[in-house]
Amino acid sequence: MKRISLSRTLLYAVLLFLSFIFLFPLYLAVINSLAPWFNPPTAVPTAFKWENYYWATELIDFWRYARNSLIIAIIYVPLTTLSSGLSGFAFARLRAPGSKVLFLCVLSTMMLPGIVTQIPTYILFFRFNLINTYIPWLVWGIGGSAFYIFMYRQFFRTVPLELEEAARIDGCSIFRIYWNIFLPISLPVVATVTILTFHGNWNDIMGPFMYLREARYPLSTALSMVGYKPPGGDNQTIMQVTMAAGLLLALPIMVTFFIGQKYIVEGIVTTGIKG
Amino acid sequence: MKQIKPTTRRSIAFYLMIAPWLLVFLSFSLFPLVYGFYLSFTNYFGFNLEDLSLVGLKNYQNVFSDKDAMGALGRTFLFAVINVPLGTVIALSLALLLNHNIRGRGVFRTIFYIPSIMPAIVTTMMWKNILFTGNGGILDRIIGVFGLGPVNWLGYDYALFSLILMSSWGAGGGILIYLAGLKGVPDELYESAAIDGASYMQRLFRITLPLLTPVIFFNVLMGIIGTLQQYLQPILLAGDQLLARPIKPIYLYVVHAFQQIFANQRFAYGMALLWVLFIITLLLTLVVFKTSRLWVFYEDGGD
Amino acid sequence: MKKRILAVLLGLSMIVLAACGTKPTLGGQTTAAEKTTAAEKPDDAGETAEETTAAPAGEDQVVIRTTFMEGELSRELLDKFEEENPGIKVVQEAVDDTKMASLLATQDAPDVMRCIGVYDIPTYVTRRIALDLDEYMNNSEVIDVDDLLPICHVYRYDGTTVGKGPWYGLPKDWSNDFALFYNKTCFDNANIELPSDTEPMTWNEVVELAKKLVIKEGDTTVQYGLGMVENPTMPSFYYLNQYLLSAGENLSSDDNKSMDFTKPVVEDFLTLWNDAVKSNIGPNPVNNDQTGGSDLFIGDKCAMIVTGYWYSGMIRGNEEASKKTASFGMLPTPMVEGGTRVAPTGSATGGFIYSQTKHPEEAWKFFEWYFGGEPVDDRARSGWGLPSFRSKMELLPQNDDFDKQVYRVTLDELNYGDAFIPINPYLGTAGRPMFEKWVDPFIFDRATLEETMQGMTDDANQTISEMVSVLEG
């Protein structure tokens, strides 16, 4: 018994040490977001100018950009999560002529840096009047993301065959097998994909910058492209307010992660597997 | 009427299920891909789309005679060879640590995860201007405690190390996927192993890791693809504009392409550079897929 | 089956390709007059730009898109303009190098675009992106061409020489960007006399003086001698260009189709600034101090900074610096030993009108107002840059001793402000990254001076020949 408590102490010590390392830069971000304007970067707290957070929402049209971020996320995240799951299941569990070639197409879209398709995509959107609309996010959402299709595929392949076979003997259709068996036991994965999609989408700078105009920018793009300048002509970016805004931007992600991770841990349905 | 064969039924189901992806791929991705490929055979310079002329394979020949491109490719491989295993080990270890029944698990998870989701603008400032900076930067002060001299973290000798350090800090992003994977390992397996008196290490290597291989495989492959395409971090370490030029040890392949396209307006050449990378990545992926049979464990018996 | 799918994929992409194929348009330089008629033709592409803007425009309103953003063009000011010109609505749109090509590809770039006049105008004119404004400029009732300061002529280009040929734009404001500002506190810390503010130093004298101003405590440098506002203190492409101008040299051949970086003047320049790096007079990549030159200067940790008039606005506007303006002042632009005194602008940020604009008249209206109307007075009074017009000079702040000293030196500098930095239009924006690529290993002692200069020459000529073949091919 003694041995166990010792190893537990060690475990906590390691976790605390790692937490310190991982948190240190965040600490730097916070104290710099509270420093006076145009001060050089600092590693020790010099002042607590909480008004920097007020300026972060005041110097640019913060809440409009935040609303845009939310609109894009609402359009894109649920659709992608569902659609990717459907395709991921098909690629993991169903074999059909051409499925391997198509899976290679899925993989390929991840391997080509976005710059290659940026200009043709812009031309395409322009011709179909999609520039400065949120329709691309709707369509991208319906199509799902190659990354998550692949991820679902990997997870679904770990689901025991017995489960599927039992269902098939019961005469379940393939869609029902997916919906009633695979999806419920994959709740941790669904939660993971939802969180990851939301985070990637929330932090995306270049996509919205390319295909939207300023009034429809999400917060991430606005922070990088619009910038925090003092009122009245000064063209220097205020680092401290930018940091404050960056932390505000990260806040919803931290919160959703903190809440969402519970579903990853507790969402698992323990019955049925290998039972 | 004859009943539909199960294999046909499966094929129909397959195409129905991937239909959303396939339709969007055909309408939104294929044209840009084909058009981008076509541009890599022209003299496109960013402003002359109206009167392009075809130059054959010239851009592709230039890729292989461009010393900067080839040097950058070699560095990128070196970076990948270090970064991918390191990132995998870090994320997997963190996930395994967190998979214990401990107090404040959610808080620890959040702490390890946060670095990977900080906005780039914040991350860069923290690393470049506070930690890596010379003349009294934090990292210099830390190693100073151990009697080590100040180091030029962003100079020729240490820049790659610093880039890897910065990437490792963000490696916690991977824990999410590993945690989900770990939840897929049935408790019953552990319980029966515990009855058999297996130690933690035995359980780890005989049950946990084998069952996790599909997830590890996914993360490794994503790591390779992501690392080969890495360009933002080196650029941000060099300066605060997208066209800042990283120092040679961290002047990676896609950075070079980025520079050619946006600083030099050599769009066609830059696209050729990226298509070459695409082919390399594709070949690498196929190799990884082939070798995966040796170490990835699938319930359905694999391909 | 695989083949059939591939065939379907290819076929589909061909259909899309055909549907989206770019249509031929008028190549070549379009004059303002031609564009006016072109704008009246119905154009389906033109409407999309208007329909999709954030706040829909009224029935007869024309939307003018500009890349001048909030820091330089406030919404309040725009509201005023729109009130005076009910037919025009102005929309601000951030564009950078990564987005520009997409906009040009669809001929949908914003109507009035921000640019760095010195570098961008020759490049954009060569690429036929900028609209010829000669007729507008000469017939304007708002802009008096004769009242423009000589520096504004960097917005003229005839294909080979800057300052000649048609007008393509105007600076918003400008500065003698290679002048110096001093921090007297730092000079006192080092017990050094301030240099003359009427006679320019040579660059060699500046570097020598900066060395004496450095103060160290153990390993840490507590005071630097010379900083730069946004860059490390190291060889810079921009400073090379001023150096060349003062030395009376040009690296480009007469037709701009080749360049030679192996000239002795480049060697002098690189040697001087390499010495500056090695003697640690400012933050640089070798000492890896990432603190910005401006932060150091204002925090009394750097004695001099290379920058122009606009920086006086920075000092007045900075919370910390504005409390101690008495310790700051301006020194004239340094020159090359044995060269001539020049005080050129290194950027002249301003604007031009897109050659394919659908609304040249309205774009001009906005242009005329922003570069010649009320905003000019506002900018001059703010002291964030020098006005384009001689008659507006007196609007610059002249309240305290700092203002007066800076104003006095600036007026003197104006006498040397009619020379333009030599630009190779084919090299364009590729010049700076090319230069930096070779300077990095040089200052880290990984490349010799000869390798560096030869490398620059080879790279520059390769870029130039490619660009020439595109433009002439």
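Going in written order, the chains are labelled A, B and C, and every chain counts its residues from 1.
By our rule, a contact is a pair of C-beta atoms (placed from the backbone, for glycine too) under 8 Å apart; a residue touches a chain by one contact, two chains touch by 3 or more.
What you are looking at is a predicted structure, and each value in this text was computed from that prediction instead of being measured.
The chain with its Cα centre farthest from the Cα centre of subunit A is C. Chain pair with the larger contact count among A-B and A-C is A-B, by C-beta pairs in contact. For this pair, subunit A with subunit C, the centres built from the Cα atoms lie 37 Å apart. Subunit B has its Cα centroid 15 Å from the Cα centroid of subunit A.
Contact with two or more other chains is made by residues 27, 31, 33, 35, 129, 133, 267 of subunit B. In subunit C, 16, 20, 22, 96, 98, 101, 105, 291 are the positions where the chain touches two or more neighbouring chains simultaneously. Shared interface positions of subunit A, defined as residues touching 2 or more other chains, are 41, 97, 102, 118-119, 123-124. Across the complex, subunit A meets subunit C through its residues 36-41, 60, 97-98, 101-102, 118-119, 122-124, 126-127, 129, 131-133, 206, 209-210, 213-216, 225-227, 229-230, 232-236.
Against subunit B, in their complex, subunit C makes its touches with residues 9, 12-13, 16-17, 20, 22, 24-25, 27, 96-98, 100-101, 104-105, 127-129, 219-221, 283, 285-291, 428-430, 432-434, 436-437, 440-441, 444, 446, 463, 466-467, 469-470, 473.
Taken together, the subunit C residues at the contact with subunit A in this complex read 1-2, 5-6, 16, 19-20, 22, 45, 48, 51-55, 69-72, 91-94, 96, 98-99, 101-103, 105-106, 108, 291-292, 294-296, 298-299, 313-314, 317-320, 379, 382, 384. Considering their complex, residues 8, 11-12, 14-15, 18-19, 21-23, 25-26, 28-29, 32, 41-43, 83-84, 86-87, 89-97, 99, 102, 105-113, 115-121, 123-124, 136, 139-140, 142-144, 147, 149-151, 154-155, 157-161, 174-175, 178, 188-189, 191-192, 195-196, 199, 203, 205, 220, 223-224, 239, 242-243, 246-247, 249-250, 253-254, 257-258, 261-262, 264-265, 267-268, 270, 273-275 of subunit A touch subunit B. Contact residues of subunit B toward subunit C in the complex are 26-27, 30-31, 33-35, 43, 45-51, 53, 68, 128-129, 132-137, 150, 152-156, 242-243, 245, 247-248, 259, 262-267.
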